[in-house]
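Should a chain be cited, it is by its letter among A, B, C and D, assigned in written order, with residues numbered from 1 in that chain.
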Amino acid sequence: MSITYLEAIREAQAKLLHDDKRVFIYGQDVGGSFGGAFKATKGLAKEFPGRVLNTPISEDAMVGTAIGAALEGMRPIVEMQFADFSSVALNQILNNAGTHYWRTNIPVPITVRLPSGGTKGSGPFHSQSMESLYAHYPGLIVMTPATVEDAYTMLIDAVAIDDPVVFCEHKYLYYHLKADNLPNDGMPVGKARIARPGRDLTIVSYSAMLHESLSAAEEIAKEGFEIEVVDLRTVKPLDTATVLASVARTGRLLAVGESFPWGGVTAEVIARVSAEGFHLLDAAPARINAKDTPIPYHPNLWSTHRPSSKAIAAKARKILRE
Amino acid sequence: MLGMTDGGVFSENFLRSRLDVGYNRPMLQTARPKKKSQPKAPAHEKYLEAFRWMLLTRTFEEKLASMYRGGRITGGVYIGKGQEAVSVACGIFLQKGDIFAPLIRDQAGRSAFGEPLVDVARTYLGSRAGPMRGRDGNIHRGKPRDGQLAMISHLGAMVSVVVGSLMAKRGRGEKNFIGLTTIGEGGMQTGASHEGMNIAAVEHVPLVVVATNNHYAYSTPNDREFACANLVDRARGYGFEGYELDGTDLAACLDVIGTAVKRARAGRPPQLVVASILRLAGHGEHDDFSYVTDDIRREPFAIDCLQRTEAVIRERELADAETLKRWREEAAEDVENAFSAAQREPVPSGDDEDWSAISRRDLVDEIGEGGSS
Amino acid sequence: MLGMTDGGVFSENFLRSRLDVGYNRPMLQTARPKKKSQPKAPAHEKYLEAFRWMLLTRTFEEKLASMYRGGRITGGVYIGKGQEAVSVACGIFLQKGDIFAPLIRDQAGRSAFGEPLVDVARTYLGSRAGPMRGRDGNIHRGKPRDGQLAMISHLGAMVSVVVGSLMAKRGRGEKNFIGLTTIGEGGMQTGASHEGMNIAAVEHVPLVVVATNNHYAYSTPNDREFACANLVDRARGYGFEGYELDGTDLAACLDVIGTAVKRARAGRPPQLVVASILRLAGHGEHDDFSYVTDDIRREPFAIDCLQRTEAVIRERELADAETLKRWREEAAEDVENAFSAAQREPVPSGDDEDWSAISRRDLVDEIGEGGSS
Amino acid sequence: MSITYLEAIREAQAKLLHDDKRVFIYGQDVGGSFGGAFKATKGLAKEFPGRVLNTPISEDAMVGTAIGAALEGMRPIVEMQFADFSSVALNQILNNAGTHYWRTNIPVPITVRLPSGGTKGSGPFHSQSMESLYAHYPGLIVMTPATVEDAYTMLIDAVAIDDPVVFCEHKYLYYHLKADNLPNDGMPVGKARIARPGRDLTIVSYSAMLHESLSAAEEIAKEGFEIEVVDLRTVKPLDTATVLASVARTGRLLAVGESFPWGGVTAEVIARVSAEGFHLLDAAPARINAKDTPIPYHPNLWSTHRPSSKAIAAKARKILRE
């Protein structure tokens, strides 16, 4: 058996719908025979009648509705057609779901799925990585699975958590990533994973950039350096302890993310390590992000805009030389 | 025209009789009131009950405003002077199991639906014993477990939240519940309210939206808010049933909103009531509302609903002077009690506070404390 | 009922004659078409001109789709098959100085308003010479300096942008301009479209909104999109004048949209046209639209407007077979030229690109390069 | 003469309206006799008829309209009633205004004014600092003036810039901050200012937190330490050079901001200094932000939630001891 990252997300939802009557899926085109723009809910409307519902093109109301249902005991999963369109639901996510527990003592167990990140030819409005916007505000858990296994178990975790979860699944990984089978259990929520052990440099990454980082590490291994690669898995909470422990081993840090460069995950990682693990660092920490422009349409531009394993390797070499 | 008061005597079962007609009729046309509607003559308990909530609200909010002027309230104070008739009608027909998502000027409705006055005082004073425990204040309060949703400020955002709650109730097999939410004519211009109303109709949930056109959004008059002839015309565009309402006339408020509630409960499409009124206070107590023109103050919708109701009660001798006096005293006493109880309670302290925005303490981000501690 | 085709012969100055009636009439009621409208018999240049734009569009988009299937286009391809009549009518009445904010299925209108086909080819192929220079693709293109706004994907967002452009033109003292924007029935459910339409009415700008109900938003049928009887009913709720339109009937499209354009130009309130049609292709070319039911394919609105127009032309002998053949050949040639020109042009390269999101180079953040360079 | 921060903003707008026919002001309650929730446009509607316009409660459309007008040559200033409500306009700001120049080569000269930051009793929805959300995305200039003079000259700069500017003015400073008069010229846009020279520690701050930082510096001066305080003025672009030069002098860094702790300005400052000025640092860099919860209503909670000069001083002392 071989299962893709996308299939894992579908399977997780099938399992959730099967195991828990409180779960329903709400989003544009998720229902009917269609099963979503990326087919992440294919067949589920038929298998679970009345529980996989198409919505109007109304992202604000989709999330608002989910919040209301969650307050009445349901466990809604909202699918955004593309992460980018969650910009018009951001108010409900940040200001309604994100504040509710703190204000009223009642948590809002919604899961908002964001098909995220760049793919060839998708352009400025179908390629965004929005984890940093959501992680900046209080009250949300922000997940960024990088593997088929995590896509599966973390989505199941997300729905189990009483607090709102923004689940950033990467569209580039949908078809590119395959696993042999699905695990029963994953790592605990909020814990980062050592995706590749090493001793010379720590690369901290997540989502699609994990794989670019792993290739870079592979390449540099030929040059005799062992790079440790940390997969954050969730960017909020961010597992500082695991990152610091890795830097303690390697003395060097490179943070790699696909979203825009100002602020965000890589800045947060460097800020934490610099503040809490300054004495562990033998060289200046560094980061690579996408460029500070909208995400380009043409593949030539897109592949320059996003960090590549080549760019990561080049940066890693520079740090290793310091 | 269904849903409109008819000027006749308001009988004990006025709601039922209307419904018997309404159920089998095709989707309502939006209704327009007759010019100069006459006050009704309601020999009815509900009318008096509603009056007492209105009186309590007015008394409470006058006290609150005076405390604000005395510098005893932090932040803003937002009252519903002139809107008590509409508001009370929003709360008085709701039952346990219903959902109420009030907004700024809904004290009468909140009280009628069961919010203890002391919780209002607590929220304004930031008491730790209040529903918001000093974390949020003034009108931003609720007890979601009791069906009282806690509004966020962003206007229109609560409409879809009610829709979701109603879907969940239906999904669970609950029966006979409805949701009611309020909005201003200003709030109706937000994208969120549009999406919320549309999705309510698509999901065919038992929702009543009571919109109050009080002729201003803060300082902005209607002509810079919308350009349609009548906001009730939006009902048809969403697939709602729609009604206009003279919000100064308590009998009409009970009739129209009561009918809408019954119709929603009976499975009709979502209901939109658009009430007309003038806000008789500032947007908040910091606001002298000097932008309200003299002309508009002379409009029929500028009448004080509380005075109008009391005049009806006196004229029709629904209650004698002594009873009215007693009610007034009881209201004052209730208000006094609410504030003095809340005032005795501890306020929060930063050091003792549980600074976690999520319920899963094991998932709190290790980012460190922040703030001034 | 104004704005509706009347089944009569479509005369050279059909627009003027309607307007002479329309100007002095009170705000339009929303109009409903007669059942089974008959194709018109338009002995009219405009009709034939429109047909040629439709033909060119169909020819272009068929080529584009075949290139997509051949793997020669990166990203999605979105065509307007079945919507050419509505679309061409959106572009054909616009003049220099007008603003056009098209959306997904508006190639015919874009072409009629003056977009060179080569720019479409360039954008799909990512040519550096195209208006988007490979930075954005497919339908996300425009030349704002020529009044062709470049849509963002977020549906509804462009409505208010047009409003602002029109306010600026009015402020500058320009005369006789209008703005026209299109939207799908799906896009009408976004908050942005609501806010945009409402603010258009408040600002009383000369805006025409042409909404096409093609019965699906991607795979979602109407019953999960909205619940009103007819979307044109929204017009009244905004203070727009509203019209229904059979979007398979080119004469009706020219008549109704032409009238709306004229009325907007003449200072009437904003105009809403709601056209009915079936999308005759997938949402994009990746989509096999197997969710479209057989029943709906048999509806009158499922007719192919291009075939219907050609049938009228043949039947009424507005053009002979040879002319039609020549037009077809010319269209094919234009399409060929557009693609072959675009194909010869250089595509962008990451190294040569000017990676700055702002025009003020001295204010570019020093954050460093990012990306893979 | 004495002029407040708020009056400076009003004066800047009066001057802009007077000097430049392309300028107009668009926002809720800005017009009429009212002049805005905070009176930042008081009297302007009367002085400049037809150019200070009340809008419906439609933040998305307010910004969209401004974008359209800007494309036709105008210089709109949009006033949000509170920064917090810009969450529902964020899509237009990020995805429409922010991408337009890059996509079409035509800039969008709009200025969006955000009355930002916490004040006593304002609670979760009338207190937010949103600069980090806007700075994260490409295509925008984000200004955060901390002084009366900057409020004035930077707003004039903002309108002159061809690109979209998010102007974060701080409500706490509106009345608390006074100057003797208004300058004709300010510092160049994008340049940070040394607000107080020192040699022992660099505090990097902006907006209201500048003043808390200055008081902390004052207090610690009594203990014999000289703290240098940098006022960023704009957080995007962020003037790394000035910050690095300061850290080169002091060897120590504390970044202070009022917004939420995850990501954002302080993380970005630390990431830059750590990456580009690692060898300059004699001690671990640190930061202080607000707590990671919504902003509380009660003054006791609010004053704990936001960084105070006391907390800044305590942290500074800790860094100085290292």
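Convention: contacts are C-beta pairs under 8 Å (C-beta built on N, C-alpha and C of every residue); 3 or more make two chains touch, one makes a residue touch a chain.
As the structure is a prediction and not an experimental result, all values here were calculated from the model.
**Q** Imagine chain B is absent, with all remaining chains left in place, and give the connected groups that result.
**A** Ignoring chain B, the remaining chains still form one piece.
**Q** According to the touch definition, list the chains common to the neighbour sets of chain A and chain C.
**A** The common neighbours are B, D.
**Q** Going by C-alpha centroids, which chain is farthest from chain D? Tell me that one.
**A** C
**Q** As a quick test, compute the distance in whole Å between the mean CA positions of chain A and chain D.
**A** 30
**Q** What's the distance between the Cα centroids of chain A and chain B, rounded to whole Å?
**A** 41
**Q** Counting only Cα atoms for the centres, state how far chain B is from chain D in Å.
**A** The separation of the two C-alpha centroids amounts to 37 Å.
**Q** I need the residues of chain B touching at least two other chains; which ones are they?
**A** 132, 135-136, 140, 152-154, 189-192, 195, 198-199, 202, 224-226, 356-357, 364-365, 367
**Q** Which chain A residues sit where two or more other chains touch them?
**A** Those would be 55-56, 58-60, 84, 87-88, 91, 95, 98-99, 102-103, 124-125, 138-139, 236, 238, 262, 291-294.
**Q** Draw the chains as points, connect those that touch, then say whether the picture is a line, ring, star, complete or other.
**A** It is complete, because no pair of chains fails to touch.
**Q** Note which residues of chain D are touching chain C in the complex, please.
**A** Touching chain C from chain D are residues 24, 50, 55-56, 58-74, 76, 88, 91-92, 95-96, 98-107, 138-141, 161-163, 189-190, 236-241, 272.
**Q** Mind pulling up the chain C residues that touch chain A in the complex?
**A** Chain C residues touching chain A: 73-76, 126, 132, 134-138, 140, 152-155, 186-187, 189-192, 217-221, 224-226, 290-291, 347-351, 353, 355-357, 364-365, 367-373.
**Q** Which positions of chain C touch chain B when the two form their complex?
**A** Touch list, chain C to chain B: 27, 156, 189-192, 194-195, 198-199, 201-202, 204, 223-229, 231, 233-234, 236-239, 269.
**Q** State the interface residues of chain C toward chain D in the complex, per the touch definition above.
**A** Against chain D, the touching part of chain C is residues 99, 131-133, 135-136, 140, 142-145, 149-150, 152-154, 157-169, 171-172, 191-192, 195-196, 198-199, 202-203, 356-360, 362-367.
**Q** Contact residues on chain A for chain C in the complex?
**A** Per the touch definition, chain A meets chain C at residues 28-29, 31-34, 37, 53-60, 81-82, 84-85, 87-88, 120-126, 261-262, 288-294, 296-301, 303-308, 310-311.
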